[in-house]
Amino acid sequence: MSSAFGSYLRLSLFGQSHGPAIGITIDGLPAGMTIDMEALCRQMARRAPGRGSLSTKRSEADEAEFLSGVLDGVTTGQPLCAVIRSTGMRPQDYAGGVDLLRPGHADYSGHVRYFGFEDWRGGGSFSGRLTAPIVLCGALCRQYLKGQGVEIAAHVLRVGDVEDSRFPEDMAGDFAPLMEMELPVLDAAAGEQMRARIRAAAEAGDSLGGEVECAVTGLPAGLGAPFFDSVESVLSHLLFSIPAVKGVGFGGGFALARMKGSEANDPFAIAQGRIVTEGNRAGGVNGGITNGMPVVFTCAFRPTPSIARPQQTVSLQRMEAETLSIRGRHDPCVVPRAVPVVEAMAAIGVMELWKERQACLQSSPTRE
Amino acid sequence: MSSAFGSYLRLSLFGQSHGPAIGITIDGLPAGMTIDMEALCRQMARRAPGRGSLSTKRSEADEAEFLSGVLDGVTTGQPLCAVIRSTGMRPQDYAGGVDLLRPGHADYSGHVRYFGFEDWRGGGSFSGRLTAPIVLCGALCRQYLKGQGVEIAAHVLRVGDVEDSRFPEDMAGDFAPLMEMELPVLDAAAGEQMRARIRAAAEAGDSLGGEVECAVTGLPAGLGAPFFDSVESVLSHLLFSIPAVKGVGFGGGFALARMKGSEANDPFAIAQGRIVTEGNRAGGVNGGITNGMPVVFTCAFRPTPSIARPQQTVSLQRMEAETLSIRGRHDPCVVPRAVPVVEAMAAIGVMELWKERQACLQSSPTRE
Amino acid sequence: MSSAFGSYLRLSLFGQSHGPAIGITIDGLPAGMTIDMEALCRQMARRAPGRGSLSTKRSEADEAEFLSGVLDGVTTGQPLCAVIRSTGMRPQDYAGGVDLLRPGHADYSGHVRYFGFEDWRGGGSFSGRLTAPIVLCGALCRQYLKGQGVEIAAHVLRVGDVEDSRFPEDMAGDFAPLMEMELPVLDAAAGEQMRARIRAAAEAGDSLGGEVECAVTGLPAGLGAPFFDSVESVLSHLLFSIPAVKGVGFGGGFALARMKGSEANDPFAIAQGRIVTEGNRAGGVNGGITNGMPVVFTCAFRPTPSIARPQQTVSLQRMEAETLSIRGRHDPCVVPRAVPVVEAMAAIGVMELWKERQACLQSSPTRE
Amino acid sequence: MSSAFGSYLRLSLFGQSHGPAIGITIDGLPAGMTIDMEALCRQMARRAPGRGSLSTKRSEADEAEFLSGVLDGVTTGQPLCAVIRSTGMRPQDYAGGVDLLRPGHADYSGHVRYFGFEDWRGGGSFSGRLTAPIVLCGALCRQYLKGQGVEIAAHVLRVGDVEDSRFPEDMAGDFAPLMEMELPVLDAAAGEQMRARIRAAAEAGDSLGGEVECAVTGLPAGLGAPFFDSVESVLSHLLFSIPAVKGVGFGGGFALARMKGSEANDPFAIAQGRIVTEGNRAGGVNGGITNGMPVVFTCAFRPTPSIARPQQTVSLQRMEAETLSIRGRHDPCVVPRAVPVVEAMAAIGVMELWKERQACLQSSPTRE
């Protein structure tokens, strides 16, 4: 089943790229939260296309309307539904029905899945556009979490062969400025190289993949569980539903596979009367449960599949080999615009874990 | 919440490492399946400790008893509960209560999560031992899937710095022999090097991480969904609840982040009247949905956290810094024994997706 | 959690009575179903207020817009979201904030549940208006079910002390005309008496309760389960979320409590080579599972709580006793308009059970 | 799907009547609860057969073993699995395979549902014996709830035509003694008549139905939700999975259908500074949400279907009409033994609602 997520914070996502509207229903948001509309719009704008030099020229307003769950700008605790009307479509770009299967796209797998009845226009349910309501939902969650001392930051760790610095393991520093950057990086020089690579790929009619590193700070120990709802399970479930994500690693991630135990273990220590770890190769999670250190993870994005270069493919209607060259407005690298989506998924996953924890907190005595 | 998984195939896992028994309840298995007990035991034996030269000396029988859901060796379609009684425990190994926090373990995070009341003996709910009922469940699922033409194979792709060959993208070949190998690898020479590295780590009182590559063949196109239950989401949810897994990648995984679109896209082609892709960098999944190619993924395992080398840590009871050297019977590298666990999780995830698809199949006309 | 229902057919309901719109997202509808808009509108019209002599004078258009999941009038298999914009509100009816608690309403319980932040206008989430998207969803489900030979019929069994005839146990006859009647009854004379009682209650500034009897025919044996998702559990879960329903009985219902086993048991017999029961005191369900006979149930509705007669209550703002006389446009008896809502819930519940069954059907060999 | 219930308190039930064991896994119980084993056994004994003059002569020990989730008699917060081994079976009672379909039983519907592979011995999954782990689970929940000031009481309201008094609407009085009675009634004379009716039915080879009334006191306002998880929805879902329950009513239940609004509405009033209602025809629930008054409901039980009197039926194997007279040990009226099962389901449902509420409580500011 596609559109539902969560037991404590329940989401229901709907919409196809070129239908009348896309949106999300969120059940389980706290009542009484005055929505910071300015912050919400800022997050939406980070994801929206057509804003910067690196992105597609399509301009989508991404203006959300709250159909329920909000009264005078304050959440009511009732299910909140927000919709984003579609604008700026150019139907002529998508005339003719599914025929030439775009490599790397869901044209074929979706066609089989929906028995040929799918709304395939503009990517249908598979479009990156569906991440707009995700960012909206994430913005609401992170507003709540911020009030609880939880912050989320992310940056572009890689574009092709160019790598940014990693977050420091203790997350010391101010990472709020990242949110203001079109291409959020820690190392400006790396950012310049990334831009150059993206421009070059665009000129070559090609595209580039990359990685996003994300950190959640301020989390208490004790969120999550071993089987089956580990912190990693809940977050990866969400992250792998972002179109183009093909890899997820926590803490050291795949690099841990090459380490020795004596290198990979984070020693416990005491700091300011609290138990901490020195180093954070575990990414803030031991045994599926937060240990009080920052939760850090990395997502790998495959390159944008829509490229101008001619590609070999198949005509579905004639069942014949064909050559395809994809025209139209496509980001040569989706990674910069994916940063707020990754952050939003982190906020949603943490909110789910947070509420699960709250249900236990009150009902359990603490052993003194 | 920890113990539950699935909407179509519903699992409920229970047990702590040193409690009376561990087990699993499975709801949604097909009725009328004659359980191949020999195959089931073979899978259980692959995971069980104490069988080979690379593994801990603990010998656990891992004999399962079916409490329900089976009549005369045939599944009844009713919830199936299987338990594995605990034997061979040495309580003296675990006397004294949680005190010195073992780096890399859930001693601290679990202590907070369960308010100090957790059954911490032998790792409690966090023990690798909990994977025994997972393997049992996976064995039942793969028996059903095998009858539908679906096969699952996996091998150790990496131990430390030693790398095995990858599966061929078209999965041509016979990979059944892997299941008979203590250290399943495609390249025997790599296997020898891995053994040497594991022995050396053990002698040094240290441990090693690694990777497992797994492939599911024979799947039809059309399983899975875009948001939120993509094939990658469902499988990663399960894989990240295996203790020690810290990274998961599908198809090219993290390597896709370094590629260009023209390299990463799998061109569509026609073979024997069917649509296929040339290459399988997508790992058999486009837009969250199977495309009919083998579903291929890689899991990264961190090194075993229990090492004999002295480690810096904290006494929870005295809140003082301490040095800890972990004695006892621990695998210097869990990766070989993790292979059947990864396969089992793949079988469980595919079974969930398969049943979801079946519920749609009958209720949908196919457009001719 | 309020807004979600179902594992196989997943619903997410949203909207407050006087918010901008109410709606529903439905995931799991079959792809390729040409929506019979005329039938859908007819169902919506049966529920809508202001159409007949028995109902409130408010006129709500109840026109649904499909935001997703439909392409050229055909379901795509993707999540379908439908919204109904609010019109005809008279905000002046609801000025001033929650103060005088209306007896029988959720003013107080909802105020506590939502911490005082609820959208209370016009009943908010508690309004009968929220049943409009339910009827829409039910209309889609029953269209599919009709194609499978499943029909749903219902009538007003009781208004106050006036009782209609019951459905014949074998459901022999044509009950389609019920759907065309403003006050659907089997016995026209009972209908006349009901109208008289409703008019008299309205004149007295009072209201009346009643019962609806509903039957689902054409169901195969084998839907449902014992614990916890019996046919009765799934249907009652839905029925008891209809505002005003306070009792549900299957087959003989509460009358079975007064019977002997020799009276209550339905003897098995063979008819046209099929196993049937003589009589249907079980309401088509044995052990939580359909037995192939019509599924029959009755819902009890409490009287409309909004009455003109003065009632004793409390001012929430001043915490003082008060007298309240409710003005405005309210049905003196909601039962006639509740009939299509009951049918819709039956259709939704049966669809959920049907899909669960389909997931099992293909995966199980049948013992010959 | 059958065996799973709950999002906050997750249950997984397993076992067939004559399999090796039946049991339940409970995830979400508070950690640190010292289990009152004496109270737990007392609840189990109330349900167990063979204890009194009214019940079947089968003697089942119903001794539970905790396989997980309990350490030194204290809940750990990890999934708790409890099993009850089967004893005292007389397999010769059940030799020969399903053939003569017992009217009122699930022999036929279950046979179809499980494709002929069901464990049909002794009722299989449909047996009342499956309620033993339910009572165990309920006992754990009510122990927690008692610590929060919540009490549950129930009595036999009806056996055939004999009716007990109802609980007073304000639940003033001490109802703890009911739990010590073999036939718990408020009016001893009614109890005597019930016994006489049950004896007479047994002598006539027949059986009797009845009703149970149950009240939950001490609940705060604000538990539950409108659509779809009303208090009535959650409780009825559980109650209708008790074998033999065919009707459920809240507060006035079906009697409300005959009332006027001026009779059915509970006026609000202030008592000791708290908002209360005068009368409790709503059964403590307005708009699906508790209003702070006792939650009161009634369940109707059909008569025991196993009767000695000859009944018309069908041989499944020969597809011929037959006459059946059921021998063996069967309660002529299950209602007295069903009382603790109804209470247990109430405790489970309230616990689910309680935890859902707790997850909201901490995350919501209260408007002052």
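Just so it is clear, A, B, C and D label the chains in written order, and each chain counts residues from 1 on its own.
By definition in this document, a contact is a pair of C-beta atoms (placed from the backbone, for glycine too) under 8 Å apart; a residue touches a chain by one contact, two chains touch by 3 or more.
Given the structure is predicted, the values throughout are model-derived calculations rather than measurements.
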| item | value |
| --- | --- |
| Of C-D and B-C, pair with higher C-beta contact tally | C-D |
| Most widely separated chain from subunit B, with each centre as the mean of CA atoms | C |
| CA centroid of subunit B to CA centroid of subunit D, Å | 39 |
| Centre-to-centre distance between subunit C and subunit B (centres being mean Cα positions), rounded to whole Å | 45 |
| Whole-Å separation of chain centres (CA-atom averages), subunit C against subunit D | 25 |
| Of all residues in subunit C, the ones touching two or more other chains | 1-4, 7-8, 13, 28, 31-32, 77, 113, 115-117, 125, 356, 364-367 |
| Subunit A - residues contacting subunit D, complex | 7-8, 28, 30-32, 77, 144, 354-356, 358-367 |
| Subunit C to subunit D touching residues, read off their complex | 1-5, 7, 11, 13, 101, 103-110, 112-113, 115-117, 125-126, 130, 134, 158, 160-161, 201, 206-211, 220-230, 232-234, 236-238, 240-241, 243, 245-254, 256-270, 273, 275, 277-278, 281-283, 285-292, 300-307, 309, 311-314, 316, 319-321, 356, 364-367 |
| Interfacial residue positions of subunit A with respect to subunit C in the complex | 1-4, 7-8, 10, 12-16, 19-23, 25, 27-28, 31-32, 65-69, 71, 74-81, 83, 113-119, 124-125 |
